[in-house]
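As structure tokens, here come the structures.
What follows is a pair of complexes built around chain A, which joins chain B in one and chain C in the other.
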Partner chain A sequence: MSAHTKGSGGNGMKWVGRSIRRVEDPALVQGRGRFTGDLPAAHWVRFVRSANAAGTIRSISAPDGAMVITAADLKGVKKITPMLHKFEYRPVGQPILADGEVRFVGEAVAAVVAATEEEAEDIADLVEIDIEDAAPLVDSRAAIADGARQIHAEAPGNVILKGEAKTPGFDDVWASAAKIVRIDARSNRQNATPMEARAAHAAYDSVTGRVTLHCTTQMPHLMRTAIADCIGMPESELRVIAPDVGGGFGQKMSLCTEYVLVTWLARHLKSSVGWTEDRRENLIASFHSRDQYITLEGAFDKDAKLLALRADVLSNVGAYSCFPTTSGVEPLMAMAEMPGPYDVQQYQCLARGVLTNTCTMAAYRGVSRPVITFTLERLMDKAAKAFAIDPIDIRRNNLITTFPYKSATGLDYDEASYRQTMEMAVEAIDVPAFRTRQQAARAKGEYLGIGFATFSERTGYGSPAFAARGMAITPGWETVHVTVDPSGFVEARIGSSPHGQGLRTTLAQIIAEEIGVTPDMIKVVHGDTDTAPYGWGTFASRSLVISGGATLIASRKIRAKLLKIAGHMLEAAETDIVLEDGKAKVAGTDREVTIAAMAREAYTQTHRFKGEIEPGLSESGTYDPPGTFSNACHVAIVRLDPETGHVKLERYLVAEDAGRIINPMIADGQVHGGVVQGIGNALLEEIIYDESGAILTANLADYMPPTAHEVPPIELHHMETPSTQSVTKAKGLGEGGTIGPPAAIVNAINDALTPFNVEIDTIPATPQRIRALLRNAERAP
Partner chain B sequence: MSEKAAITLTINGKDYAIAVEPRRTLADAIREDCGQTGTHIGCEHGVCGACTVIVDDAPVRSCLMFAVQAAGKKIRTVEGLASGDTLHPMQQAFMDNHGLQCGFCTPGFLMLAVGVLEREPDISDEDLIDVLSSNLCRCTGYQNIIKSVRAAAAEMRK
Partner chain C sequence: MKPAPFVRHVPRSLDEALKILAEVAGDDGRILAGGQSLVPIMAFRLAKPAHLVDINEVEGLDKIADDGQTLTIGARVRHAAFHKPVTANPLGALLAYVARHIAHYPIRMRGTFCGSLAHADPSSEWCLTAATLDAVMIAKSVKGIREIKAASFFDGIMSTHLKEDELLAEVRLPLLPADAKFGFYEFSRRAGDFAMSASLVTYRLDGGKMTDARVGLGGAEASPRRIAEAEAQLNGKAPGDAAFRAAGEAASAAIEPLEDHQTDAAYRRDLVKVVVRRALEHSLK
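Moving on to the complex of A and B:
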């Protein structure tokens, strides 16, 4: 059974820190959710996609009478060309439909439009695309080899960006090391695989000339800006709605060509147009992630203290650059956060993004940190082995314990509990008992292993963090409008765009706490650019921190106004008034007034407060924080079958610290879901290309997200180190669960493999890979 | 395109007279011809189980059944689980135990679990996990789905 150690429970607060049920759920459990694919349309689109990874389009032929859109029809529609102003970034543009050349299998070449989806699919089968093949470049190492064919004219050598860092004094410290330990890590490619694949529905309004685009996105406002830019239309003529969205995990934060085309078609046809992606399209042509080679070396002194790190990050970014983050999202994150939770002040890094003939890489939950944590934590285990000390002791020697701390890459780490969460995990898992059991098992020819992962995670970071990357677009701040209407009910309009995180519930808890009403009186509204304030959406473990912060700031203003109004109505000093149970009460008396009466007063009796407060009861808050670091220690215990290479997860334990927890039930759910995606990353999930650039894992039987079978009960332990960099004291935790498992599980596998004298440094650590290692070891003389 | 067949689908006790091509899946017919969009489509190749409905008391992946095959059979979807304002114990348990996040896979899990528990109210924990591993969820990590279904099973046995 899963353990659960409660955090502070909000330290006596009424709503913050409580596991209240989600307001999102009643509609969803009754099949009343509204997803994009539920909308009827007059026209349906089927994309005809390239079966070739690289080549020149000779001709496209369509059946007579069919409506088939190609690049030739899209004159004036701009390419998607995201921009970075640093790191030798080469801007490359992606046409909405392939224009003259194809660069990956799955790239949309033509769009068939018909009255039904079936008809569009039938016609699409008859569209013939003749492509003159070019030799595809699938692997990033092949793409940077001398003489490799250039995929984009703008990017010589296929390097789209190159980041370099080196601290002063690095060479001397490196030369002084007692031991250099090295890992060559390989992270294979993944697909975020939300259960709802992509979908878009655009409807033209002949009265206003506006288009309403429903789409399954994490950032509706930026979709509006970007699509209007591509099409060259006024942004005011486009309304974007993210209705219920069936998971995103980063895949739905990038602009996809398909949404631009569907919007363009609605304007072109002056009608409604729908597109629903099928699973195969999602696996081959939506965004991929995590395809990296990292070589990491650590220089240690004689006492196993880490002195310096040197990293070479090679990130396969696919055929184009994703908007808005650019393809720098993975390599630059790796470069900035590689040192992780360890005290190391010397650092050298080369991080390159490499264009290949594969699906475009974009953000996926954890962005690079699952890979760098895997790499760094494997390095620490290898170093422990090299020094013949316990893996836990080498971490004890090196974890940061004094805060604030400035990292070798210039990041400011706020107060955290790296060491404490590790000790919590070590105690809970009972390492000595495990070692005894492991020994006994080995004697019987059974192989158990334990693995640890300690990590920090930058969350809730505002615009300066994006500006530091040189991004032309720096998402960061959020705005929230809180209104108490004249009946005393509360509406909060937010720029974030939650899609499963329960933010409507947690933000209501924050407001309820501040202004003394119950959460059921509060409605949080999001996802519609006509009603929500401009904002950046939900991604990067940011919404509770940033939108939550903006919510608190707006709520404090409402609170101040309510106290003033109550002071007048109750003829009392503001300092004597408490807001609770939907009322303002004068402490120590029976005098009170309801929030409904105060709200009515704020709108209808404004002459009473003239010169003191503005009419109405509506306030705005904007928040743009510097960022705050969450942390955790994950522990995995595995049982490995050397005959088959199969790994069974016996136990999985998380000790995490995400600052103040607003709703423990929701927080636990985020960790559970993240951990299981991480288990997929560690053991199961891999997008495999063959040499021709075709994908061999184009359905959910070949690309394998974990099922209930592969997942043990996840044991959670919590600490709460309130953040000093976040007004709510909360840190982000949406991604943390995903970051630890590859490191913890593969460390555990290597612990189990110790008697065989082989090591695996590749994820996913599939049975095939483990068997190959064991086979080679058996064959070795 | 081939000729359409006139059939009647009985969904949650209500008859829908529709005309569908023989190739039309039950999932598409439920959603598009009958307007019951609570049943979701996640993969269309029978792996994810988001489209699970109950046909004649057995959970079925509606993307792997043709609409014409379901004619004359009793089909239950997520929209029919509650009776009036009273939620089915399974729906209530998913809400009480945070058994859903984005909610896209939820209708499929609800119908799978209800279908199985109606047939096997005393199913063992091990068999239950076996059954639940037929559907995919990407948000919850299954922990709270398992907890929800166990809680509902206890409630349904009462």
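Moving on to the complex of A and C:
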């Protein structure tokens, strides 16, 4: 119940709860990682991309002798057409190369194939694409205006989906409110910016006719399924391998046209083909996120108790729909999870996804929650101001404290600590001392602010949650095969596809705990569709909960079998046997047998089992849980320079509850990384389009992730409320770090702005935006 | 993000370098020194020089010389050379302070002083320094030597009056009076980013009043320059808040602001007001 310590978690367990070192790191930090772009290829691809946001292709001319692939060459290759069976979803298809029409700047129109990347880029420079311009629609509000040009024939009014919710009795409760508080929030567009941009390498095997696709992806199995579908080939002829992956953050869970093209080319050329995306392409043409307008109103009674919420979510989903989540991923998550950690039973929402002439939206760490948490937490601060009470008190009045709790949107919240983590954060940050310092600073013309964000994070949800969205493809379950080999060493093959999350370490801890071996005896194998069981990869804060749960289930079966074998070998009752230190021991005696000996027996001496025990020592576990809610309170302290609008983060504190923590060091790392991305979201990162649909932020000087200079030390405090909805009692925490910062930081900025009587409700809260408010303020600095 | 094809020439002497430059100048030949600006824009294919004359092996261009009147900086002198003062004259401390604001450490180890001037980014700290201190540029070509004053050297965004076949062989900065004060301030969103406005100021005190005031401004207009209107607010006045604020206001009003997606004209004027005043405040620290 306090900040955790390194070493044993004090939970009576030997491996679970310990900060053992990550087995992943030695290769990565010594430059021995293996990435897709490291592979040699006979052919390299350079995509020629549209410089126009909207229009019709009149002609494509290529230099003589060059191999240039266009849509005309891809007859028979299906468009990517993701599907939702709910919410008035209009399926739209994305051709692998633009076919007749272009719909965003950066859309791939042609693929140049050459012997080297350099030659391919030289030739690409000479390819001329003649496009008859159409007037682009960049902003979602413009795209839904009356008479706006239709971007896809299938989606009238450019609305690709529309979700509506309203609880019975909403109108009466709304009418009874003492105060209605409103926010018009704007979240600008972001790119997940993984350190490794996208890359693919497909090699044709002339003996088997199979293609092996190495690619930087979060879900190798679904890539195999989807690419085989597009090309019209048996899945058995495609092997997908995710080698080391340099960050995904959701951007690499979507199918991209480029991977389909590279796979097709390897089959077409019967050779090997590579493509490595450059940073500019990644910024303009991979996937974007978070481009939303949300109007949120809260109805409060006279005691500042929240009675009802009314939301209007407008999500700019770009030019196409992403596979597999579809462009519902942001608006529908906003609709389902808007009420957050607050006890409010009346809710109305309209959530729309809007097609525009911009890069396609896809999931990015946190998905809609950084935006809805920002919106809701700004609303709570505005309400506190309207009622003239402390922002902490309004949260105390409204946070859910009784569990399980069914939300107004029908979600089941399991046991959590919304109130306790906030109190932990309030105490740790020492609010009274800060207020004193803030007053003293103001007297000197210096402006400090403090901001809070409390939120829940839905994690580890299985297939029913995705089915509730009406997805044609419902990820959810995971399978793990655990094998003790005849030497007594352990291998776990998993369908998840970790790429930085440390799952090879944490799953080994779960197995070690269950079967009484050391983690260094365990290898976790993933990322290759030929060797790993079918699974959904790593995304949505799911892997430790779901793959970890499947690992525990399989390990329990191994444990049961080891007890049987040991009982047989030691001629003892199974109930008298303990598994520890790589041995089975008969309690209270000196009789013992090693796991290696038992494993050898299980494979090579099975006749001794007399048919009572199955040969071999390999078990499978599958897990498809309902989902569990982590929670956290983030606190930011900022120093605002009112003359420049610059915001310096002085302090950042997180009190987090993600259930049982398997490895505290890895959990801390997840939160740290998430917070840094959240800081970018709050203050710095913004993809900016001009009116013509061109991107003004196509490099890392203009698109600004935070650097070490902009990130303060991050203080972490943990609570552990074991989940009843997760067999390991762990909750997910992959995204939580990213969710809190926009709310906490912008609330802190607004606290600092209080003397000037202006408020900012836009992220990122850039110095230009802050100065524009202050320049027109009553008391301009 | 691969550069277009080019031929790289590696001369060993200045004469050889100038000769090659004369040959390739008409064929889009460019000088390569530290490469910290040129190479990235080549990678983006915003620049596609057919020839690069790499001067990193040219003898004698790596010198810094102080003759008691002037500090002469050769074409191969890196930013990092100024991390510690290169002269006991106040100019040494000024250059050391300014140098620490240039990009990031690895870039300062490679990029060159003269290269920055030839590249002429409006935000460049060295271009601001040259403009403020009235540097003299020494341009050499096979045709001879040309001296160009800073005030007539810059020609807008990333453009100078250097001719295609000229190498900026050295830059001469006048030493400062021994009692000169200086101040510098720049604003950027992240540490090491291009300044959205920057100011360098120098002056002397005569009977408690400022004299010989120089107010340089960078990152705000297409080229860095001295702002006479701001200097006029300082000369003859006591250093302090009133004069410093007036100078900031005057500079803010005097400029033709650059505009981009993170800085509209009104915001640029806000920043100019602040950086000029804060540079002046820095001079008192």
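One rule holds for everything that comes next: the second predicted complex is superposed on the first by the 766 of 781 C-alpha atoms of A that agree within 3 Å, B and C clash if a C-alpha of one lies under 4 Å from a C-alpha of the other, contacts with A are read in each partner's own complex, and residues count from 1 in each chain.
Going forward, contacts are C-beta pairs under 8 Å (C-beta built on N, C-alpha and C of every residue); 3 or more make two chains touch, one makes a residue touch a chain.
What you see is a predicted model, and the numbers here were worked out from it, not measured in a lab.
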{"item": "Partner chain(s) touched by A:Asp278 [first = chain B, second = chain C, both, neither]", "value": "both"}
{"item": "Partner chain in contact with A:Gly549 - chain B first, chain C second, else both or neither", "value": "neither"}
{"item": "Chain B versus chain C as contact partner of A:Glu118, first or second or both or neither", "value": "both"}
{"item": "Touched chain A residues, chain B compared with chain C", "value": "B"}
{"item": "Which of chain B and chain C A:Gln677 touches, first, second, both or neither", "value": "first"}
{"item": "Partner chain(s) touched by A:Gly535 [first = chain B, second = chain C, both, neither]", "value": "neither"}
{"item": "Contacts of A:Gly246 with chain B and chain C, given as first, second, both or neither", "value": "first"}
{"item": "Touched partner set for A:His499, first chain B, second chain C, both or neither", "value": "first"}
{"item": "Chain B versus chain C as contact partner of A:Thr707, first or second or both or neither", "value": "both"}
{"item": "Touched partner set for A:Gly567, first chain B, second chain C, both or neither", "value": "neither"}
{"item": "Chain B/chain C common contact set on chain A", "value": "118, 122, 278-279, 699, 701, 706-707, 709"}
{"item": "Residues of chain A that touch chain B when the two form their complex", "value": "2, 21-22, 24-26, 28-33, 35, 37-38, 40, 118-119, 122, 193-197, 244-247, 249, 278-279, 499-502, 665-666, 668-669, 672-677, 699-701, 705-709, 711, 713-714, 737"}
{"item": "Interface residues, chain A side, partner chain C - complex", "value": "117-118, 121-122, 125, 278-280, 643-646, 684, 688, 690, 696-697, 699, 701-702, 704, 706-707, 709-710, 766-768, 771-772, 775"}
{"item": "Contact footprint of chain A on chain C as seen in their complex", "value": "1-2, 4-5, 44-45, 187, 189-194, 260-264, 266-267, 270-271, 273-274"}
{"item": "Footprint of chain A on chain B - complex, ascending", "value": "1, 21, 23-24, 31-32, 36-45, 47-48, 50, 77-79, 81-82, 87, 91, 94-96, 98, 100-107, 110, 129-130, 132-146"}
